[in-house]
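Each of the next two complexes has chain A plus one more chain, namely chain B in the first and chain C in the second.
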Partner chain A sequence: MKTTFGALSLVFILGVLLVVANPNYGLKFGLGEGNWEEYRYTDQYYIEHGVEEVGGTNIVTDIVFDYRGYDTLGEATVLFTSIAGAVALLRKWRGEE
Partner chain B sequence: MRAQNSDMGLIVKTMARATIPLIGIFGAYVIAHGHITPGGGFQGGATIAGAGVLFLVAFGLSEAKEKINKNFYSVLEGIGGLVFLAAGMLGLGVAFFYNILWHKGPVFNGEAGTLLSAGYLSMMNLAVGLKVYTGLVSALFAIALFRRWKK
Partner chain C sequence: MNVLPWLIITPLFGAFSMPVISLLGGKFREYWAVIVSGLTLGIAAKVFYTVWKSNEILVYTLGDTNPIGNGVKFPIRIIWEVDLFGALLALTVTFVSFLAILYSLEYMKHDTGLDKYYTLTLVLELGMIGVVITGDIFNFYVFLEIMSIASYALVAFRNDTWEGIEAGVKYMFVGSLASSFILLGIALLYGQYGTLTMAYLAMKIAENPTLISKVALAFLIGGLLFKSGAVPVHMWLSDAHPAAPSSISAMLSGLVIKAGGVYAIARIIFGIFNPGLHGYLKTFGMPAFNLNTLGWIIIFFACLTLVIGNAMAVVQNDMKRLFAFSSVGQIGYILLGFGIGIVAYGDKIGEIALTGAVYHIVNHAVIKGLLFFIAGAVIHQVGTKNLNELSGLARRMPFTTISFIIGATAIIGLPPLNGFASKWLIYESSAMYNPILAVVAVIGTVFSLIAYTRVLFTFLGVESEKVKMVKEPGTAMIVPMLVLVIIILVMGIFSWQISDKIMLPTAKMLEQLNGEYIMALLKFIGGG
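== the complex of A and B ==
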């Protein structure tokens, strides 16, 4: 019973996502000239000003380490926490050896 | 105490001796050129961690136990995070994550596209690469040491 309900809700969510991803109702893929300016103006800003403002010619690194450095800091924190958790959980138990 | 079958044969060991330096150099290249070419700290750190995994797999756990010091790796991971944070706080007079080295710093403000450009970006790439490498290696080493099912 529970499994059937779970499967049905998964199918429903998948259907909703398919409607959302339909270019006629929701997201558009392969944005062209006018749509680019309308939906991706932030990307356009990064592409135009990234090199002069940050200095790196790799725009992805410019964004990840300078414009959105907080995000990378959090990412490093997540990595640190996961490593610490893994190492802490995989230690020998108290009774062993 | 040398564990049986925990290391590979002669061919694999010799190939590992040849390839581990190459993987390490390539990873260092990816990290150092993170602000110019595709890649960066995370990708290069994972690449070098692949060399560490190859070492662990090819030479076995007993050999790795002698070479890998857990405390040293933990300290290096912390230092990587701290260097990243310090690079972010360099321009704290203006704002957090203000790239002061690029705007009016004494170093790392060469022409865009050269190795010594882009302010603190290369510093951060090095820090993140160090952090990712030591973190992944110590996590995998902890997993390799976890052999409770043998008893």
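== the complex of A and C ==
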């Protein structure tokens, strides 16, 4: 009963995602000239101004270390947390030498 | 000087320097954790006071003075947008975390791996602060993950107990699934609108409300209902909260389900999908969302949550499991307040409901913190949390008993204490909006009354064999409990003043009738 319901909701979610991924109703793929300016204006800005504003010629590193450096700091914290968590959980049990 | 960045820097530095500090050994790491969380509390209080005094939304750009790009009219950098709601949550988070760390000094004394414990606790606090102050939706996800991963590890921290590991695994699987739903929602929004700043996203969605944003909203709300422990998906919570160390249960139950759950739901609905803006568009006959459906969905889950959560609390034999189910029930009240706030948007009723929901977030954090501290004290001193084995603790642990009575009466919502005012606002608004909702809310409270009366009998009644040799816990555990009791009493005495002076402006700022959240960003455009 529960499994059937779960499977049915997964099928429903998949259907919704397929509709959303259909260019006629939802997301467009392979954006061309006009659409690029409409949907990817932020990316266009980074491409145009990245070199002069940040100084790096690699746009990806310009974004992840300058424009969105705070997210990178967050990702580093995620890694730090996972390591601290893994080390904490794999430590010896109490009373075990 | 702008103190806002220090709200992140302080716990981040504290957590990253903990492995080095703990090389000094012994007490240093504990003092360091107390100092760092105490400083963070001070900074959060300053930020809250600043925002409250000026009654304006604080916008801070990471890496520049202006979030808007050169020669364009859209934000390109990550911003923090701290309104009163965020500042209030940050204050609550730092306050309860500080007390939880103080409490762990004695409570965690017999455990090993304490340097990791304090690191993870500080990271948990950092993650929650990051979630409540951010104005960028991807950044919100990053800090939600920091918070979640720290809490998975802390739930399973006692790795020699089977229930800790079981609960940790369950929490991790369910939580990761919920996080991936949230990430999918964010990806859809970015694909359609091309920006990640919440306030600018709100404008873009209002300009062009598409099917995609509806689907993204469904994914976001679905994932966040998981994280807040609403009823069909609350099963991780009732395992995770009892299995964690009690200081962590207090943080999980008081803060994590608020910051990563109901706060985020409210921020996404009122910040990004803004019912006011869409209602305004509709009067001009433009395409707009009708958020009433969403409001009713949230009300539906809220009613389910508050009845089932509180009813399940009645049949528990484990003290912490009972408190965990009671947390599920209280989340129901908060969601009910937000739900009515959406369907009755722009009305006096909606405002009262939002005030009640915001107020109840703070009250529940304080009260549930106290109750889990008490459960921890009982486990620490007696060694069991089974309600059938405990009775007659009152003579041996008088302070703990009195604190419990105050905490229990506050969470049920009896008049002299703080729980009354917030619950009253939620009852009042639901009764004015639709009397059936008020009846459901009262049924939930009746169950919660029965559940807490059962626990009361373990403190009163005949002394059982187990409690004959029991003493009160030491100072480091008594002090946090005492502070919370005093806060509950003081907030109870001044409940209506607090409601008028703090909670009502907070609800108004969250409701943003004039689109304040968006305007705070827009005022930068043209200045750059």
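Definition applied: the second predicted complex is superposed on the first by the 97 of 97 C-alpha atoms of A that agree within 3 Å, B and C clash if a C-alpha of one lies under 4 Å from a C-alpha of the other, contacts with A are read in each partner's own complex, and residues count from 1 in each chain.
FYI, a contact is a pair of C-beta atoms (placed from the backbone, for glycine too) under 8 Å apart; a residue touches a chain by one contact, two chains touch by 3 or more.
The shown structure was predicted, so the numbers you read here are calculated from the model rather than taken from an experiment.
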Based on the superposed arrangement, let me know which partner A:T42 touches: chain B (first), chain C (second), both, or neither?
-> second
After superposition on the shared chain, which partner residues are touched by A:G56: those of chain B (first), chain C (second), both, or neither?
-> first
Just chain B (first), just chain C (second), both, or neither: which does A:G26 touch?
-> second
Please indicate which partner A:F80 is in contact with in the superposed arrangement: first for chain B, second for chain C, both, or neither.
-> both
With both structures placed on chain A, which of the two partners, chain B or chain C, ends up touching more residues of chain A?
-> C
Touching A:D66, do we find chain B (first), chain C (second), both, or neither?
-> both
State which residues of chain A lie in both footprints, the one left by chain B and the one left by chain C.
-> 53, 66, 69-70, 73, 75, 77, 80, 82, 86-87, 90-91, 93
Which chain C residues qualify as touching chain A in the complex?
-> 12, 15-16, 62-63, 69-70, 72, 74, 76-78, 110-113, 116-117, 119-120, 123, 126-127, 130, 138-139, 142-143, 145-146, 149-150, 152-154, 156-157, 159-160, 168, 188, 191-196, 210-212, 215
Residues of chain A defined as touching chain C within the complex | 16-17, 19-20, 25-27, 38-43, 45-46, 49, 53, 66-71, 73-75, 77-78, 80-82, 84-94
Footprint of chain B on chain A - complex, ascending | 51-58, 60-62, 64-66, 69-70, 72-73, 75-77, 79-80, 82-83, 86-87, 90-91, 93, 96
So in the complex, which bits of chain B are touching chain A?
-> 34-38, 40, 42, 70, 74, 77, 81, 84-85, 88, 96-97, 99, 102, 108-109, 112-113, 117-121, 124-125, 128, 131-132, 135-136, 138-139, 142-143, 145-146, 148
